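What follows are several structures.
In the two complexes that follow, subunit A is the common piece, with subunit B as its partner first and subunit C second.
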Partner chain A sequence: MSALFTEAFLTALILGAVTAGLPLMLAGLGEQISEKAGVLNIGLEGMMLIGAYGGFLVAYGSGSIWLGFLAGAVGGAAVAAVMAVLCVGLGLNQIVIGIALTLGAEGMTALQHHFQFAQSYPRLPAVPTLPIPGLSSLPVIGPALFDRPAIVYLAVAAVAVTSWVFRRTHLGLALQAAGDKPAALDAAGVGVVAIRSAAVLTAGALAGLGGAFMSEVGAGIFVPFMTNGAGFIGIVLAMLARGHPLWLLCGAVLFGACLSITTALQVAGVDIPTDVIQMLPFATVLLILILFGRRAALPPALGVHYVRGAR
Partner chain B sequence: MTQPGHPAAFRTDEPIVSLFEVTKRFPGVVANDSVSLDLWPGEVHVLLGENGAGKSTLIGMLSGIQTPDSGAILVDGREQVIDTPARALELGIGTVFQHAMLVPSLTVVENIALGGPAWSRPDKRGIAARMAEVCAGIGVRVDPHAPVGSLSLGEQQQVEIVRALMRGSRVLVLDEATAMLTPKGSEELGALMRRLVARGLAVVFITHKLNEALAFGHRISVLRLGRKVGEITPDRLTALTPQVVTAEVVRLMFGSDAASAGTASGPERQPFAGGAPVLEISGLAVDDEAVPLADVDLTVAAGEIVGIAGIDGNGQKQFAEAVAGQRPLRQGRIDLDGRPIAALAIGERHRRGLRYVTDDRLGEGTVAAFPVSLNLLLKRVGDDLFWAGGLERSGPIADHARRLVAEYDVRTPGVETPIGKLSGGNIQKALLARELSGEARAVIFAKPTYGLDVQNIRASRRRIREAADRGLAVILISTDLEEVLELSDRIAVMSQGRIVGMVANDRSARLRVGELMSGVAT
Partner chain C sequence: MTLETADSPPISPTALRPALRRHLHLIATTVVPLVAALALSGLILALLGVDPLAYYGWVVQRGLLSPSGLEATATRMAPLLLIAASLIVAFRAGIWNLGGDGQFLLAAVIVAAAAPALSGHLPNWAVLSCCLILGAAVGAAWSVVPALLKAWQNVNEIITTLMMTFLGVSLANVLVKLAFLDPRTTVPQTRTLAVADRLPRLFETTVSSGLLIGLVAIVLVHLIMTRTAFGLKLRIVGANPRAALHAGLPVPRLTVAVFAISAALAGLAGAVEIVGVQGNVRADWNPAYGLTVVPLVFLARFNGFASIAFVFLFSVLSIGGESAARRLGVPNHFTLVVVAILLIMLGITEHLDQRRRAAGR
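Take a look at the complex of A and B:
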């Protein structure tokens, strides 16, 4: 097996891990923000799908990859807006609404796709990369990490920004308070509904962006149901990362590696049935939940609608 | 009890805040009916009233959680609409709620920083410095970088008071602030309130404890059923003797019929003459994450009431559940009538005559959606009298329920009514009926009057006396010291999962129990 760890294999593995892990990371980051503020966002999968479809459509129609990303984020945020109105504003059950949004988005994108692309299956051209001078010429990690589309660097920057917001700003305190003790936040003169809505919308935008990344950068095409559970893995990641955006980054790369190991093994010429390998990410989810799931700490007010004056 | 003199230095011509005939209605109730109230600088204004008198609603309107349906709130003589907590803060009205309004996972400074401009960085050092200044000014000591979750309730209150002052509050509303404190903690808070008003603040102190009202207050307003029924001005408060004031306040709070008795539920019991031990507990130890029990020994004789006093959350609940069979023991013996029952299941203990009246009436005491009749048999499901081969015999079940409902005066539309629809007092009556009827030998009451109104408190206490007079061994767990002193023959004090002392209920009991509770005595 020593021949396995060739430069080509490692490059393919890390490259694939980043490509597959990035949407998970964006979705997980959104979920983390939403959960911190006390809203359990089960609709993440649906927001990703709408983002994937909207991103693909706009990128294909306009020819601009960036307009595509923007459309993906807006699409995800639009689904999240429904969630914000129903769950944060009206206090409906977050789990039920989340499931409904996911199922609705699945049906809607599949149907739209069927009508629009029944005859032809257009592909987007490969997204141009932005090599980082110096770093991109390193062996293995150069091509895998530092010769990537600009959106990859932006997504990693979003993790850093979120981490900064959580730890260094009043907004971070407000988010934490909204999920931990919303009454205290309200008493401090900050609107709980406003903070939670903002968190849900941000989560939607990030999930939508993750979806757009899947269709525009990962696949170059939209396929119905293409998110294939990525939103749910994002929820798991957010729970395991316990409020630390950096842990999320690591977790997403690990899961991305599991998802992309098929390609890497093909590069290395190892012959394992692909069905077995495709089980890997989900087996990993189970294994990690068994090992660390008990330590997942969720905010006390998660999923609880806040009504001023009710005790 | 000393009467604090009125600090005249801050007396101005107008109150900081005036409520003028404010009325607030909720579906089916008038929570506040045309209440007028003035809050003067330099005064501790005590709002007295029992549960449901409308104190919380009144504070809600002061702190921006509720808005009055009619009437006006004047701040510095100008009418203001206080429709959000933020607006109340702006106007200089700070509120410390009974349940701390702090985020446990944040530190003290972070909690104080909460609400700052979203994208800016909290100035933790600056806040800590200003906090130290305020703390020094009012004589309290708080670690600014401790997570709030690690602080005691008294410390959390101090944090909230400091925070309110840092936000420029001139009126400080303290809602049931002493409810969760030790007697010593209450004394300290009283002293703190006096230091605060000496600086020109107006303090509103809400309580239902008369002794605290007299000890800490400059002015006392009494609420009853949503109306303000009386006010004792500072002049009168200093002129009258504590006994006269007490009598007047009791008359105002409970109506004239109760003036002589307060919440007392009937004649004094005859002193307990001694009897054979019925319930013997020795070396009881229970594992628990929060409060493990260790070395609990307790013997209760027939006809005796042993009170268990202590601050809430010191193992009382764990103790009651362990004896009732709802929790596994680590070690120890429990004997009922000389026979070991520690290995028996809940139902078997119930059959042998051990009864437990839980304080969690809706959670573990009853199934809210079940009819009253089934709830009265909850610990006897499957009993041959009421179930034949697993099928309900609705006749006997209903008869049994009707008999108990009549005997225990449960006010319910019918025995088929889901018990969750009844008031707390009537649910408690149903629980008492279930646990006290039949062949009871020993009863554990956990906070039997918690959250009830005065009528139901009296009824519950009467049942407890009657149970003892019938020859039952009674354990009375209560966080209300008055209740323990009123009913018990002996008083055990529980602290951190141990019984730290046993006191005969004589005239020095109050002092001894207070010392044991606050950890002064050992």
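Take a look at the complex of A and C:
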């Protein structure tokens, strides 16, 4: 056991948890915003994948990781725009369109990858980190938490900002009303379609950014289907966090830790099959649900298309 | 989530004879989006530098026209039909069982381990029956946790079934790699069921009789849900659980029943795929049929017969796409793009159709 709690092991564990958890957090944050406004965004996985591909492509082509992140967010938002037009505007079934977008994104990115990179498999150089003076020299948590690429700090700040928007602003109230009682929002003179579209676009941008983080920072390479269910985990995290962005942060880090513990254990010289470890986060969540059996707190109008004047 | 589970409403009478009109309408609402989707996907192919006509020629030739292709298409339909039946039961009862892939895969792995072990000790028909029952039981068992949590704690089943799917896929891999490993092969996979011991083939073709199981299952499910008191109860629970409670229906028990039936059908799909087609499970094998069947069932409006048509269409695209991929160097993933565009086109068509009807009223 002594080998388990060395500094190297703990650093690797926390480092891995942040790297694996951050995309989940960004995707979950997007889903939370979208769900709060009443749109169940099942296309999250596809938005992440387009973000991962777009981010990698632009970062590789331009040499700038920031342009890559921007491209990832724009790519995710572009997929979300399709969803906004079809589901929020026309009122098509959110589950059908969401799955269609995920399948389409999987197919498109795999095709593009086949024609562009399947021969060469190019890699990106490691992303430079931004050490925070003072904090980064702490043992264990210094290198793991405070010597990371700048995008990590920005993502955590996004959680705080979203939390503030939810609690303290008119926009937060409007989002909540769009999910709880869209007719009331409409009567108050705020466009339901506009609020919901904005929420879906934001969700797409955040998920795309999460995908870009996966390919640019996490892996340094784009591989088809690389999100591997992260979008669906994001949906689950958003539902578990019940509208609280800060709970989401904790959940994402916990999930990230479970996903990355294999690498950390290998550092410590313990060999456990990856598949066993991969079951950890899901088993944990189920155990929590069984023990605490909490009632799900989803907005009443989630997944329901709003038609003005309809009952 | 409000969903129209009823079949399409009657069409207002006009000068045209109703039957003819209905046929024209059906053609317009299925063929038009199909052509539009193929045209759009063709555009993407052309942009990638592949001749779309050659590609579609291969798909039709290999998925539909050539005897061996059509047989492969029919065989592919078997597990998809069972999964569609599984989803129809759940969705009509308002339960979002998105855990089909976990239930499918875990049942497949356990059946793959049991079948070669049983064969030799029991007559072939008994082995196959045991395997089908075992698959259904494993599928149902994998839904116990979401079912109980939903029935008595009202925990959102989308969360729990997705969790169980991720858990099930990993567990299936662990079982293949650690427990049921065939010692005679170098790649991790389960022992193989001899071709002669698999589900019998239909007549003189290579079509697995799993297709019959799938067809019977989906028609039965459709009739149970639309024509029986039990189905009506489930639909009431789906439409309004609180009203169902007030009407004196045992909602928790019905919920558990829905989960059990739905997951058993998904497990049966896994069993049919193994004893009918694959014969074994390789490590990391996961066809992920569940996710592709979900939108098909939605487009069919949870109607069993319409689901058969959509599953057939998807099978043609997927089998044809596999051979076209080999011939023209377009990865198989292109089928995903076609299906995605087709789903969106069908959705838009349905929307326009509803609006036209609403305007005509």
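Worth a mention:
Following the convention adopted for this analysis, the second predicted complex is superposed on the first by the 296 of 311 C-alpha atoms of A that agree within 3 Å, B and C clash if a C-alpha of one lies under 4 Å from a C-alpha of the other, contacts with A are read in each partner's own complex, and residues count from 1 in each chain.
The rule we apply is simple: a contact is a pair of C-beta atoms (placed from the backbone, for glycine too) under 8 Å apart; a residue touches a chain by one contact, two chains touch by 3 or more.
Every value quoted in this text rests on a predicted model; they were computed, and no experiment measured them.
Legend: residue contacts after superposition of the two complexes on their common chain; A:Asp275 is shown touching subunit C, with no touch to subunit B. In the overlay built on the shared chain, the residue A:Ala184 is in contact with subunit B alone; subunit C does not reach it.
Residue contacts after overlaying the shared chain place A:Arg308 against subunit B, while subunit C stays out of touching range. Once the two complexes are overlaid on the shared chain, A:Phe232 sits against subunit C while remaining clear of subunit B. Judged by the touch definition given at the top, the superposed model places A:Leu171 against subunit B, while subunit C stays out of reach. Ranking subunit B and subunit C by residues of subunit A touched puts C first. After overlaying the two complexes on the shared chain, residue contacts for A:Thr129 are found with neither subunit B nor subunit C.
Residues 1-3, 44, 48, 145, 149, 153-156, 158-160, 162-164, 166-167, 170-171, 173-174, 177-178, 291-292, 294-295, 298-299, 330-331, 333-341, 343-344, 347-348, 350-351 of subunit C are the ones that touch subunit A when the two sit in their complex. The touching residues of subunit A, when paired with subunit C in their complex, are 40, 82, 86, 90-93, 95-97, 99-108, 110-111, 114-115, 224, 229, 232-233, 235-236, 239-240, 273, 275-276, 278-279, 282-283, 285-286, 289-290, 293-296, 298, 302-304.
Residue ranges of subunit A in contact with subunit B, taken from their complex: 168-171, 173-174, 176-177, 180-181, 183-190, 308-309, 311. Taken together, the subunit B residues at the contact with subunit A in this complex read 60, 63, 65-66, 84-86, 89, 95, 97, 99-106, 110-111, 113-122.
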